[in-house]
Structures are given as C-alpha cells and as structure tokens.
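After this come two complexes, each holding chain A, first together with chain B and then together with chain C.
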Partner chain A sequence: MAKNLDMLEQTKLDKITSDLLRHIRMNKSFVLWLSFLGLALVVCIYAYTIQLKEGLSVTGLRDYVSWGMYIGNFIFFVATSLVGMLISAVLGLSGQKWAAPLARIAEFIALAFAAVAGLVIVMDMGRPERLLNVMLFARIQSPIVWDITVVITYVAISALLLYLPLIPDIKMCADKLTNIHPLLRKLYRILALNWKGTPEQAKLLKKSTRILAIMIIPVALAIHTVTSWLFASTTRVGWDSSIFGPYFVTGAFVSGAAAVIIAMFFYRTNFKLKDYITELHFDKMGKLLVLLSLVYLYFNLNEFMVPGYKMKKFDAIHLRELFTGAHALLFWSVQIFGLILPILLLFFKKMRKPAPILIIAIFVILGAWFKRYLIVVPTLEHPFLPIQNVPLNFKFYAPTLVETMITIAPIILVLIIITILSKLFPIVPIQETIEHLEESKK
Partner chain B sequence: MLRKYIHSKTTLAFLFTALVCLQSFAQDWDIPANKKSKNSYFPFTKETIEDGEGLFLKNCQSCHGNLGKDNSLKSLKPTPPDLAGAKTQERTDGDLFYIITTGRLIMPSFKTIIAEEDRWDLVSYIRSLNKKYIQVLSKNDPSKSKLVVVKMSFDSLSYKLRVDVKANEKEGVIALKDAEVFLFAERYFGRLQIDSTHHTNNDGVAFFSFPKDLPGDKNGNINLVVTVGDEVYGEIEAAKSLKIGVPTDKPSLTEKRAIWNTVTKAPIWLMLTYTLILLGVGAFLLYIVFSLMKIKKLGKE
Partner chain C sequence: MSEQNEQPKKKSRRDFIQQIGILGVGSAIAGSAVWAGINYDKKKKAGDRIKVLTAENELLEIDKNDTTKIKKSKYDNLTLLQKEGRVGIPGKRWVMVVDLSKCKNARKCMSACQHAHHLRPEQHHINVLKMQESKNTPPFYMAKPCQHCDNPPCVAVCPVDATYKRPDGIVLIDNERCIGCRFCIAACPYSARVFHWTTPLNEEEDKDKVYNVELNVPQRKGTVSKCLFSADRLREGKMPYCVSACPNGVYYFGDENEDAVTNGTTKETVRFQKLLADNAGYRLMPELGTNPRVYYLPPKNKSYPFQEGDKSEAEEHLDNNNG
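For the complex of A and B:
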C-alpha cells in the first residue's frame, strides 16, 4: 500500500517536472515570433543608423526640450524592472508562498528591462562614441554617476537572483531534457555547477539567495530614487519636488506589476501552465495592483494638489498646461484610464479573472509609459527664462518617426530577451514547486 | 503734501515714458561733429581686418549677422542692420567708432569692453568688403601719444582722485587742456567706469570723486585705469594700483569642497558614503561568488 502511494507520489512529481520543462524546446510558433521580433528590430536599427549619421536633428529634440521620448522611455524601463525586487524579495521574504511561481517571470522582466535601460541612454546620445568620456570625466557629485552605479549593481544582483534559484532546475534541464542540442546540454552542465542537491549545497544556496533577496531591496529602491533625483535635484517646475523618490518608486511598482500580469497571461496560455499559474494568482496580483495603484494615486494627489492649491507663478503655467492646456488630453487619459478606472474595476472579483485583468494591465502599462512622457516633456517646454527668437519647432516638442522607431527598439529587445530566457529555462521554478508540495503535506 | 508728491511722481513718470518713446522713435544717431571726423591713426591692413573679424564674431555677429549675408536678427526692434550694407558704409569711420563706443537703445556700449585700438580693428573689418572705401588717416602723429605722462594721486580727505596729464615736449612740459578723461576700475568682466567723463582744466588736471564703498582686494587695492583722449596727442592709457578700496576677502566659490565643485574637490562625506556603499555591496557579491564556487567544489566530491 505504502509502496503504491510512493509510486503515485513519484508519478505526480514526474508530471510536474515534465509539465514545467515542456516549454523548453524549439517549435514553429517560437521561431516565427522570434523572426518577427528580429525583423522589427532590424527596421528600428536602420532608423538608429540614420540618427547616427545625421545626429539628433532627426529627432524632435531641440535646445529647450532636450529630453524627450528617449528619457521618458528610460524611466519607464528602470521603473518596470523594479518589480523583480517586489515579487521575489519582498513577497518572498514575507512568506507569501503564492507568489513563488511568479518570481521567475518577475526576475526575467527585471533583468531584461534593467539591462536594456542602459542602452536607452546611449540611444539618446548624439555622439555615442564619446560614451567613455562620461566615465573618464565623471563627477562623483552628479546624480547621473550614482544612477550609472546603481543600474549596473542592480543588473548584477538581478542576474544573480535569477540564476541562484535556477541552479537545481538547470540540473534537471541537463538531466531530463531529451532532443536538445549537445552544446546546449553542455551549457546546462556548466551552469548547473555540479549540483547534486546535497544538504551542504542546499544550505549554501539558500543562504546566498537570502542575502541577495535582502540586498536587492535597498539597491532597487536606490535605483529608482536616484533616477527620480536626476529630475528632483534641479529647480525646474514639476520636477522640484521632495516626494519624487517615493512617487517614482510606487509608480514603478504599478507598471512592473502590470507587466508581470501581462507576461503571466501569455506564459499561461502559450506554455500550457494553467495548473501552475492559476486564477488565484491573477486574483492575488489584481489585489496587489490595486494596493500599489492606490498608493500611487495618493502620491499623484500630493504631487498635483499641493502646488495646484498655491498656483505659484511658474507652477501655474506648468499645471494649466497639464490640466487644461496642450497636454490635458494625454494627462487626463493617463490619470483616468491608467490609474483611476483600473483601481475601480479591480475592486470587483470578476475583473481579476485572467482575461479582463490582462486588458486592464495593458491600459495600466500604456498609462505608465505616457506618464513618464508627461513627467519629462511639459516641464522642459516651460523654462524660467522666456523662449525668444527661436524657430517654432524649438518651442513645442513633437517626436519624429525615426525617434519613435528608436524608442520602440529597446521594447523589442526586451521581448527578445524574455522570449529567449523563457525558452532556455523553466518559467515556473520546478524545485520550489516540489518543495512546497512536500511542505504542504507535512 | 502727499498730493503734490504723487503729482510730481506722475509727471516724472510721464516725462520718462515720453523720453523713452522719443528716443526709440529717433531714427538716427546723434553724433557730435568732432567725433564724426575722428579717424584711426593706424592704417587698416590684413592684420587689423583679421583681428577685427575675431572681435566681430565674438561681440557683433549674434545680432548683426555675417557681413553681406543680410542675416541679422530681424526680430529685434530696431532691426540691427547688415554692417556691409550701404547705410552703414556711407557713414564716416568716426561715426562707426562712436556707435561702437557709446551704443544706443539695444545696441550696447563697448567703451569699457573693447579697447580703443580693437574698436578701430572692428571698423577696419566692417570696411573690408567695401571696395570703394578709401581710408582717411588721423592727422595726429601716433608717436606723440608716447610723450604724454599721466599721474594719478588720491586725496583721502575729499575722497577725490586727481589726474594730471602732461606731455614732455622738447620745449618743455605742456599741460593737456580740455582733454577727455575716463576713470575705470578693473573688475572680473570688463571695466567699471567711475564718476562721469571729465575734461582737463587749463593745468591739465581733472578731478574724479571716488566712491567710499568700492570693494578692493584683500588689502584694499584697486587697479585703476585712466584713458585720455586728446585732439593732438591721441588716445593715452595709464594704469595704477591704489590702496583706496574696502579690503574684501571673499574666498572663491570653487575654493572649498562643495557639491558644485570639480571632482577633485568633492565633499568628503559624499566620497566616503559612495565608496563605503560600493565596498559593502561588492563584499556581499564576492561572498556570493565564493559560495557558488564552493557549491561547485562540493558537487565534485
């Protein structure tokens, strides 16, 4: 009888392993999707070569609005990457077991967005071959230097936090996957670091993972706080705010949570993971998104209510432009469709089912992108000294087609990275799923 | 009393506005005859044109545009003319020199910014595209200016600076009468004119009242410059440092360590914090790498 039960248990474990390893293979849809992304990237790279040849004059950037879509895109990338810390560190350390299957998705997103964020900055340079000068003539007092430091650190820690819990799973990939290229198997063997699952190894791995999970919290907070200081350390209207750090961090969690929900949906349907990424996960993520959005709404209220009550001379110009002026349509769309409506809708359980929450998450992430645009551009259009004796296109920023394509390029690059990562490694942690199953039985 | 006060104030304001309007409506420069006929005492050459061009690019081009290209800044009122144009070229050298020196409305005065010789270089550059132009040299003998001696002395009781202008001619010392005298104090950017322009009296002496609150260096020294313009002797410049200012010891803003300073003068607390955080994070990352190596080693056994 006991033997039978053991066998039943074994088949169950085998099923989990094979289920979670199933998506690691080449198939038609993967090749098609990747070649579509590759083609789109080539087109965007062509646009970038135009910019390299002609300089930034091919963009809508001019003397006054010198930070446009590119920098908005950069903040969006840094912001979205923060979710890795939230899900695998904060939820993981606080014992939220339901979040365990989502940790790796969050880490993929974190690593891809953070790694590409640096590239976005290089794309905003008219003379990228002078990039080294930024390091050679760096001033330690400049928030830009701090930003470069924390972004690099965050990429390193994110990569490690992704890799360490993967080691037992990589071992399984090396042992159990059939039909893979010998070179890939060799790569798995190398990455598995002779993993045998001995108690000493397990203890070391657990301790290291824990250190990383704790360390990533301050580093992630630092990366987005410092990014906000790039703005807040100036005296410009709309940026000169003491709550810019927490305002950016909460905004980052909102867009990151939305990105995780979107990724969850696609992995669940395409990789047949319905038993592992369940409706419960969507429900919980929905509740998390509401909580984060409410905090973000609270910061938005502070950010606009306080200067809006006083309407100081230059603040008034800026706020009128947002509330009723040239940027009003975008501003209210972002606030209503990207923040207020999602909050109201997600209060209902029905809206936290996979399909509706996917649509809501798409609105939230679009809102998050345009929100960054609204943080960067309107402020630059209203300098303290009046704009005089310049051509009309210096006064109002309008992105060009080339600029738009160069902005899309990093988004495609992130999709490529996430796609390849999820075809190399199991998207739901196998070892952890088995451990949780055993723990729940005890 | 109050009414009268208000009344006089409104009248003043009205007069002032009227004056400004009149001035801006005045179409042309009002140039005194003796300035009009003034000429350079050195001939315009390739070198003077080259020097003038450099000065032109720095000081004039941003509004007047390039010579002969008609690309001056049209949005300014009154519109700055293209200086190779007929209207400018019809003027005398003295006119151009006067205009550059004094300025009017939005045209700034370069009296204290560009030295006299350089202002003539500018005139030579402005003339450079005009093929019909024939230079008229000043009848003054330029070597005569070397005979002039300018003496400055300060009377601390009346707080006046006395300027003596004398020429050492062969036949004896001659006082320069009715010569135009400017007094300047040197500062970071350009020169500060002190008191107004004076003319020497029959003894070749001019008095300038000196402000009591002019800041000097640590010891109160002020570098003074006197320029004298005379019909016969030309332009003469003399400099002298006098201890008549208020001693001022303000360290330069970039002297101490500060957040706005260069990297070599960064605040110590910042460098410490940055380094400590980097070292701390680096130590933990190293520990992780060692752990991974240990895991690998354990697996081999």
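For the complex of A and C:
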C-alpha cells in the first residue's frame, strides 16, 4: 500500500517536472515569433542609424521640448522593471506562498526592462559615442550619475536573484531534457555550478537568495526615486514636486503588475501551464493591482489637486493644458481607462478571471506608458519665459515616424529577451513547486 | 643654596670645550658642503638647465633639478584654450545690465551674436522677447541672454562637468565633452540653452579650426550651446558682441569688483551699484534662488513705442496666464 502511494507520488513529481520543462524546446511558432521580432528590430535599428547620421533633428524634439518620447520610454522601462522587487522580494519575504510560481516571470520582466532601460537613455543622447565620459568625468552632484549607478546595481542584483533560485532547475534541464543540442546541455551543466541538491547546498542557496531579496528592496526603491529626481531636481512647473519619489514608485508597481498579468496569460495559454498558473493567481494579482492602483490614485490626487486648488500662475498654465487644453484628451483617457476604470472593474471577482483581467492589464500598461509621456512633454511646452522667434514646430512637440520606431525598438528587444529566456529556462520554478507540494502535505 | 650656585661655575670650563667641539665639527660639515656644492656646480653642463614658460607667459631658465612634475589632473589632455577657458579672467566678476526702457527690438544684438557664434537663424544665445506681465501693464521688449547665474541649475545637473561656472562669473560649455543629454536644458528656468539638433551652420568651413571654448566655435552637432558673455572678447579687453552691436544703448557691461559698467553704445562708464539704485534694477525670477549676473532696469519712460504688430504675441503668454 505504502509502496503504491510512493509510486503515485513519484509519477506526480515526474508529471510536474515534465510539465514545467515541456516548453523548453524549439518549435515552429517560437521560430516564427522570434524571426518576426528580429525583423522588426532590424527595421527599428535602421531608424536609429538615420538618427545617428542626421542627428536628433529627425525627432520632433526642439530647444524647448528637448525631452520627449525617449525619456518617457525610459521612465516606463525603469518603472516596469520594479515589479521584480515587488513579487520576489516583498511578497516572497512576507510569506505570500501563492506568488512563488510568478516570481520567475517577474524576474524575467525586471531583468529585461532594467537592462534595456540603459539602452533607451543612450538613444536619447546627442553624442552616444561619448557615453564613457559619464564614467571618466562623472560629477557626483548630477542625478544622472546616481541613476546610472543604481540602475547598474539593480540589473546586477536582479540577474543574481533570477539566477540563484534557477540553479536547481538548470540542473534538471541538464539531466532530464531530451532532444537538446549537446552544446546547450553543456551550457546547462556549466550554469548548474555542480548543483547536487545536498542539504548543505540547499541551505546556502536559500540563505543567499534571501539576502539578495532583502538587498534588492532599497536598490529598487532607489532606481525609481532617482529617476523621479531627474525631474524633481529642476524648478520646472509640474516637475518641481516633493512627492515625485513615492508618486513614481507606486506608479511603477502598477505598470509592473500589469506587465506580469499579461505575461502570465500568454505563458499559461502558450506553454500549457493551466495547472500551475491558475485562476487563483489571476485573482490574487487582480487584487494586488487594485491595491497598487488605489495607492497610485491617492498620489495622483495629491499631485494634481494641491496645485490645482491654489492655481499659482505657472501651475495654472500647466494644469489647464492637462485638464482642458491640448493634452486633455490624453490626460483623461490615461486617468480614466488606465487607472479609475481598472480599479472599479477589478473590484468584481468576474473581472479578475484570466481573459477580462488581461484586457484590463493591457489598458493599464498603455495608460502607464502615456502617463510617462504626459509627465515629460507638457511641462516642457510651458517654460517660464515665452517661446518666441522660433519656427512653429519648436512650440508644439509632435513625435516623428523615425522617433516612434526608435521608441519601439527597446520594447521589441525586451520581448526578444523574455522570449529567449523563457525558451531556455522553466518559467515556473520546478524545485519550488515540488517543495511547496511536499510542504502542503505535511 | 650655596652648593647650587657653585655647580654651574665648575661646569663652565667643560661646557666651553664642548661648545668649541660642536662649532668645529659644524664648520667642517658646512665647509665640505660648500666645497661639494661648488664642485657640483662646476660639473654641471648647460644642458642641465631648461627653459620653462610660466602661466603668465614669461620665459625663464631654471635648473632641471628644481623642477617637479605636476600630478596629472583630468584637465591635462585639454587644449590650452580649454584650460584657459576653465580658469577665466583673474580678478573679474562680470555683470550685465539691460535697460528695458531703451530696447526697441532692433535685434542687432541677436544678429551680431548669431554671426559670431555661427548659429542658425532659429538658434538664439540672446533672444529679444515681447513681454507683458499682466493685462493692465504695458508690453515691452526684453533681451534675454544666459543669466550666468551664481547658483546655476544647469551646472548642478551636468553629469560630465561639460558646463561649468568660472571664478569670473561666466558659465561656459565645453562642447568637446558634452554628451548631449540635455539635462541642462531641462534644468534652466530661463530657456537660455540651445541644442544642435542637426549639423551646425558653417561646419564645413570651421572644421579645421582649433576649438575655442570661449567662443564655442566650431559648434558641434549633438551638443548644447548658449550665451558665453563673449568670453573671447573679454579676454581681448573688448565688450561682448551683443553689447557693442546695440544701437540704442540698452546694454551696460562691466566688472562687479570695480563697481563699474560701461554702456556699449555711448561708451559711458557709470557706477554699477548706483545705476541699479537710481533705476530700481532687478533680476529675473529671483524667487528661484539662481542669483543671475544679468540685471534689468524696468521699462519706465520708454524712449520708443511698443510696435502694434507685436502686441498679440506679447499677449499670447498673458492669455495663457488668464491675466
């Protein structure tokens, strides 16, 4: 009888392993998807070569609105990458076991977005070939130097936080995967770092993962706080705000959570992981998104209502432009479809099912992107002194096609990185799923 | 008591002999040092002396052994012009006073500036704005160069020390170092900075020129440029391009330390403090704490009328303010 039970147990474990390893293989749809992304990236890189040759004049940027879509995109990337810290550190350390299968998805997103954020900022530079000057002549007073320092640190810790818990799973990949190229198997062997699963190793791994999870919290808070200071450190209307740090951080969690929900949905359907990424996960993520959005709404209220009540001369220009002026349509769309409606809808359990929450998450993430655009552009269109004696396109910012393609390029790059990572490594942690199962039995 | 008094007497002879001995050894050492020194000097050849050029442009000849190698600083690989451009002109604190009662929008300052710095027509180091503060106050013309703030927000945010504040008060940009991040443009509340979005004017003709950081020529694509208070002209003892070009006596320029500013048109020199005191001089946006080095005299008793055609543009900024 006991033997039978053991065997049953064994087949169950085998099923988990094979289920979670199943998606690690080349197939037609993967090759097709990747070549589509690759092609799109090549086109966008071509757009960047035009910018390199002609200068930033190929963009809609001019002397007054000198930061535009690129910088908005940069904030969006840094923002979205923060979710890695939220799921694997905050939820992980506070004992939220349900989030364990989502930790790796969150880490993929975190690593990809943070690593590419560095490229986004290079795309905005007038002299990208002088990038090294930032190291050679670094002035510690400049928020840009702080930003570069913390982003690099965050990428490094995120990579480790992704890699360490992955080691037992890599070992499984090396041992259990059939039909893989010998070179790939060798790569797995090397990456598994001689993992044997001894209690000593397991203890060491657990401890180091925990240390990293704690370390990443202040660093993640720092990257987005410093990013907000790129704006808050100026005297410009709309940027000169003391709540910009927390305002950016909470907004970041909203867009990151939405990104995780979207990724969950696609992995669940495409990789046949319905038993592992369940409706419960969507429900929980939906509740989390509501909570985060409510906090963000609170900061939005502060950010717009307090200056709106006083209507100081230049604040008034800025707010009128957002509430009823040229940016009103975008502003209200972002606030309503990207924040208020998602909050209201996600209160209902029905809306937290996979399909509806996917659509809501897409709206939230689009809203998050345009929100960054609205943080950067309107402020610059209204400096303290009038814009005069310049051509009309200096007064109103309109992104060009080349600029749009260059903005899309990093998004494609992120998709490529996430796609490749999820074809190399199990998207749901195998080791942890097994452990979780054993723990729940006791 | 008596015993103590006797002791020094007894010792005195020994002391005397000791002192003689010390003196003797001392003079022997000194003598041999002098002798060695003379010998050493004799051995030296002409080649051991080298010529050096001092910072004051004086040619001196000194012993090679007297030289010490200066520790390499990050400014070592700059050209002489770039180094000079970082030091500034010793003892000076440049100031500009713009008399708004005299400005009739002749724009000679703008064209002289653009000509000197090889700028395109839409690029303004100095820009004459049509201003109106509120509905019932009259419009006026206001020339706006870089304010050369003593607490410059642009310098604070530059990540690479490309834009910097000199001891003589001028804020400059080294466009050989600028990475084109445009953080300074975002930080400047006076919209004083321009960017080379495309190939600078005259790039082809300027390409063999040594970069002069005090003139910012040759201009470089992908870098920031702005008013330099004509630092190159100040070095020659001349007035800035805009100041000399003004036909209407709008600009005074001079040294705060000397408390003297000279009108670029009339060449009349007046006391800087008195000029401000007599005419209620002020600075732009003092609430930002930037401490500009450009002062304005209010547009009182304007010597020229504000052009009818410019009124709508002046009101544009006003309309947005809702009065």
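One rule holds in what follows: the second predicted complex is superposed on the first by the 442 of 442 C-alpha atoms of A that agree within 3 Å, B and C clash if a C-alpha of one lies under 4 Å from a C-alpha of the other, contacts with A are read in each partner's own complex, and residues count from 1 in each chain.
Here is the rule we go by: contacts are C-beta pairs under 8 Å (C-beta built on N, C-alpha and C of every residue); 3 or more make two chains touch, one makes a residue touch a chain.
The structure presented is a predicted model; accordingly, all values stated were derived computationally and were not measured.
Peer 1: Looking at the overlay on chain A, is there a clash between chain B and chain C, or do the two fit?
Peer 2: In the superposition, chain B runs into chain C.
Peer 1: Is A:R130 touching the first partner chain B, the second partner chain C, both, or neither of them?
Peer 2: The answer is second: A:R130 touches chain C but not chain B.
Peer 1: Of the two partner chains, chain B (first) and chain C (second), which one does A:Y309 touch, if any: first, second, both, or neither?
Peer 2: neither
Peer 1: Considering only the touch criterion stated at the top, classify A:A138 as touching first (chain B), second (chain C), both, or neither.
Peer 2: A:A138 sits against chain B and chain C alike.
Peer 1: After lining up the shared chain so the two structures overlap, which partner does A:L160 touch, if you call chain B first and chain C second: first, second, both or neither?
Peer 2: first
Peer 1: With the two complexes superposed on chain A, say which partner A:N389 touches: chain B (first), chain C (second), both, or neither.
Peer 2: Both: A:N389 reaches chain B and chain C.
Peer 1: Return the chain, chain B or chain C, that is in touch with more residues of chain A.
Peer 2: The partner that reaches more residues of chain A in the superposed model: C.
Peer 1: Tell me which region of chain B runs into chain C after superposition, given the options 5-13, 41-49, 149-157 or 185-193.
Peer 2: For chain B, the listed stretch overlapping chain C after superposition is 185-193.
Peer 1: Could you tell me which stretches of chain A are touched by chain B in one complex and by chain C in the other?
Peer 2: The answer is residues 137-139, 141, 388-389 of chain A.
Peer 1: What part of chain B is in contact with chain A in the complex they form?
Peer 2: These residues of chain B touch chain A: 73, 75-76, 259-263, 266-267, 270-271, 274, 278, 281, 284-285, 287-288, 291-292, 294-300.
Peer 1: Mind listing the chain A positions that touch chain C in their complex?
Peer 2: So the residues of chain A touching chain C come out as 54-57, 59, 61-64, 66-67, 121, 124-128, 130-131, 133-134, 136-139, 141-145, 148, 230-231, 233-236, 313, 316-317, 320, 380, 382-391, 394.
Peer 1: What residues of chain A sit close enough to touch chain B in their complex?
Peer 2: Against chain B, the touching part of chain A is residues 137-141, 146, 149, 153, 156-157, 160, 164, 167, 193-196, 198, 200-201, 204-205, 207-208, 211-212, 215, 219, 388-389.
Peer 1: Please name which positions on chain C make contact with chain A in the complex.
Peer 2: Within the complex, chain C touches chain A at residues 74, 110, 122-124, 127-131, 144, 153, 156-162, 177-183, 185-187, 189-191, 193-199, 220-224, 284-285, 288, 313-314, 316-317, 320-322.
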